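I've put the structures underneath this note.
Each of the two complexes below includes subunit A, the first together with subunit B, the second together with subunit C.
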Partner chain A sequence: MSIAGWQDALREVTGVAGVRGALIISAEDGLVIAETAMDDLATADVAALSAALVSRARRCTAALHATPPESVHLVGERGAVLAVAGPAPLWLVAVARDDAELGRLRLVLRDAAGALH
Partner chain B sequence: MRVLEPWVADPLTEFLRESGARLALVMTSSGQVIAQDGFTRSLDVMSAAALGAGILATTQELATILDAPRGFGAIVHQGERQGVWLAGFDTPRGRWIGLVVFGHESSVGLVRLFFARFAQQVAAAAPVVTPVREVLAEGFERELDDSLRALFGTR
Partner chain C sequence: MAFLELGERLRQRGQLAAAATVALAGLGHYPAVADAHDLLARIRADQGNDAGAIAAWHATLECDTGHLGARKGLAFIAFRSGEFALAERYLEAAAMGAPHDATILAALDRVRSLPRGSTEDAVRLADPASGVLLFDMQGMRLAGTVADSGDVSVADAVSADAAGLAREATRAARLLGLGAVRHIVLETADARIAVIPVRHDAALLLHRSASTPLGRLLALGGRAAHAAREWLERMQ
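Up next is the complex of A and B:
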């Protein structure tokens, strides 16, 4: 997929109500590949920490002899971080407010991550 | 961990814990070691410090040629099993350099994130340098007498 295609996928994710930003990250090095986010969102920090989260989830499933995770959802009091695996090593990450439509966001993320191939 | 400046220890400990880095070396821009963690031989520390300072000095010159006087933020060497992060940062004691070795348990992004915090914490923790007291010619002889008296107990 082209960079323009990635931007389309990101726009689709940020189109969901309550989403503060969407990023395509490299889970191996924790860096941002492409992003569409509000100005106050520290996307580089989100990428680094999301990649660490994905890495730990992978190690956890490996220790359990389970299949590697396809998605990681971290829901807090004031918001949520949802990450869905794309073509390795890419992951599509969304940062949402607590009032976001998380169900719809999951579906959109899954479709958009699939379109990254 | 070995530190020359004790106030660097806490920020460095936090950086290592948060980033998951394997080795860390903090030095002045001339290669003098300020703190290190993970190195087992002093020879390795000295070599790494000298090479790290040399690499940053080289890239600074390259930046000047490329008309980027502020230089590059950081240099990353990514290997198969581990990577090296090398970056300069400003402190009240001058420009220092951090050399960090990280493996698969960490990432460039994590090191970048927590290194920036480490640099801020070091800058904030640096004690204020007290200016060297000027020795006045008129008080010098009396102070010398006082010091000799204190040392040798003579009148």
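Up next is the complex of A and C:
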């Protein structure tokens, strides 16, 4: 997929109400590959922390003898981070407010991550 | 092994006493063969001896932790006894081993659609079939195990890694201003896993098949967290 295609995927995600930003990250090194986000969102921090979370999630599923995670959701009282695997090592990550429609966001992320190939 | 075929043929003909004799004789020679215990369990179930069937299916799982027939058999007995939540848990465990088995998925749909009593969905932390694992934030297992294995060494390893995940989630939530962690959900091709903080020093993990709706997983997680808090208070 082209860079323009990636930006389209990110715009689709940020089009969901309550989403503060969307990023494509490299889960191997925690770096931002592409992003569309509000100014106050520290996307470098989001990328690094999401990659660390994905790494921990992989260890957890390996211990369970399950297949590797395809998505990781971290939901807090004031917001959420949802990450969905794209073509390795890319992950599509969204940061949402607590009033976001997480069910819809999850589906949009899955579609958009599938389109990153 | 010829006795397996002979025993099964006798069972299907309804000659249950003869089938049991064959199965027990076979087990005398091959006590570690899971299918032999499974045969005996099916015979006991046909005889209406639920306790005998359950014991034999547990023996089957000791020989082969992923034995599908034993999971389905235990679900059948639970269903026949009206313990629908237990039946669902056994079917969930079976679905994790065979996520595309249409018979298991259909049975899961059916059992989930049945009305439950108020105590039916109670979370039993000590029940290995519950698939609820409680651990402290240092990664030490406190209670429970994981659904597809009664092996405590697996449960201990999962506790250690799940605690690492919970700590990482807490750190990420703090640094990103997300507030206190409500839950972490992992979706894999064959499973859905929820990690839910119970208190500042403990969390629990729920492990279910990929067929489990996320909302249902989280609803069960909420009940499990409540049960875990009560359990922790009793322990102190």
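Going forward, the second predicted complex is superposed on the first by the 117 of 117 C-alpha atoms of A that agree within 3 Å, B and C clash if a C-alpha of one lies under 4 Å from a C-alpha of the other, contacts with A are read in each partner's own complex, and residues count from 1 in each chain.
The definition used in the following text is that a residue touches a chain if its C-beta (ideal position, glycine included) is under 8 Å from a C-beta of that chain, and two chains touch if they have at least 3 such contacts.
Just so we're clear, the structure is a prediction, and the values are computed from it rather than from any experiment.
Trainee: After superposition on the shared chain, which partner residues are touched by A:61: those of subunit B (first), subunit C (second), both, or neither?
Mentor: second
Trainee: If we overlay the two complexes on their shared chain A, which of subunit B and subunit C does A:52 touch? Say first, second, both or neither.
Mentor: So A:52 meets both subunit B and subunit C here.
Trainee: Report for A:30: first if it touches subunit B alone, second if subunit C alone, otherwise both or neither.
Mentor: The first partner, subunit B, only.
Trainee: Subunit B or subunit C: which reaches more residues on subunit A?
Mentor: C
Trainee: Following superposition on chain A, which residues of subunit A contact subunit B and also contact subunit C?
Mentor: Common interface on subunit A, subunit B vs subunit C: 45, 49, 52.
Trainee: Touching subunit B in the complex: which residues of subunit A?
Mentor: Where subunit A meets subunit B, its residues are 25, 28-31, 44-45, 47-49, 51-52, 55.
Trainee: Can you list the subunit A residues touching subunit C in their complex?
Mentor: Listed in rising order, the residues of subunit A that touch subunit C are 42, 45-46, 49-50, 52-53, 56-57, 59-81, 95, 98, 103, 106.
Trainee: Give every residue of subunit C touching subunit A within the complex, in rising order.
Mentor: Its residues touching subunit A are 96, 146, 148-149, 154, 157-158, 160-162, 164-165, 168-169, 171-173, 175-191, 193, 195, 205, 207, 214.
Trainee: Over in the complex, which subunit B residues touch subunit A? Could you list them?
Mentor: Going by the criterion above, the answer is residues 20, 78, 105-110, 112-113.
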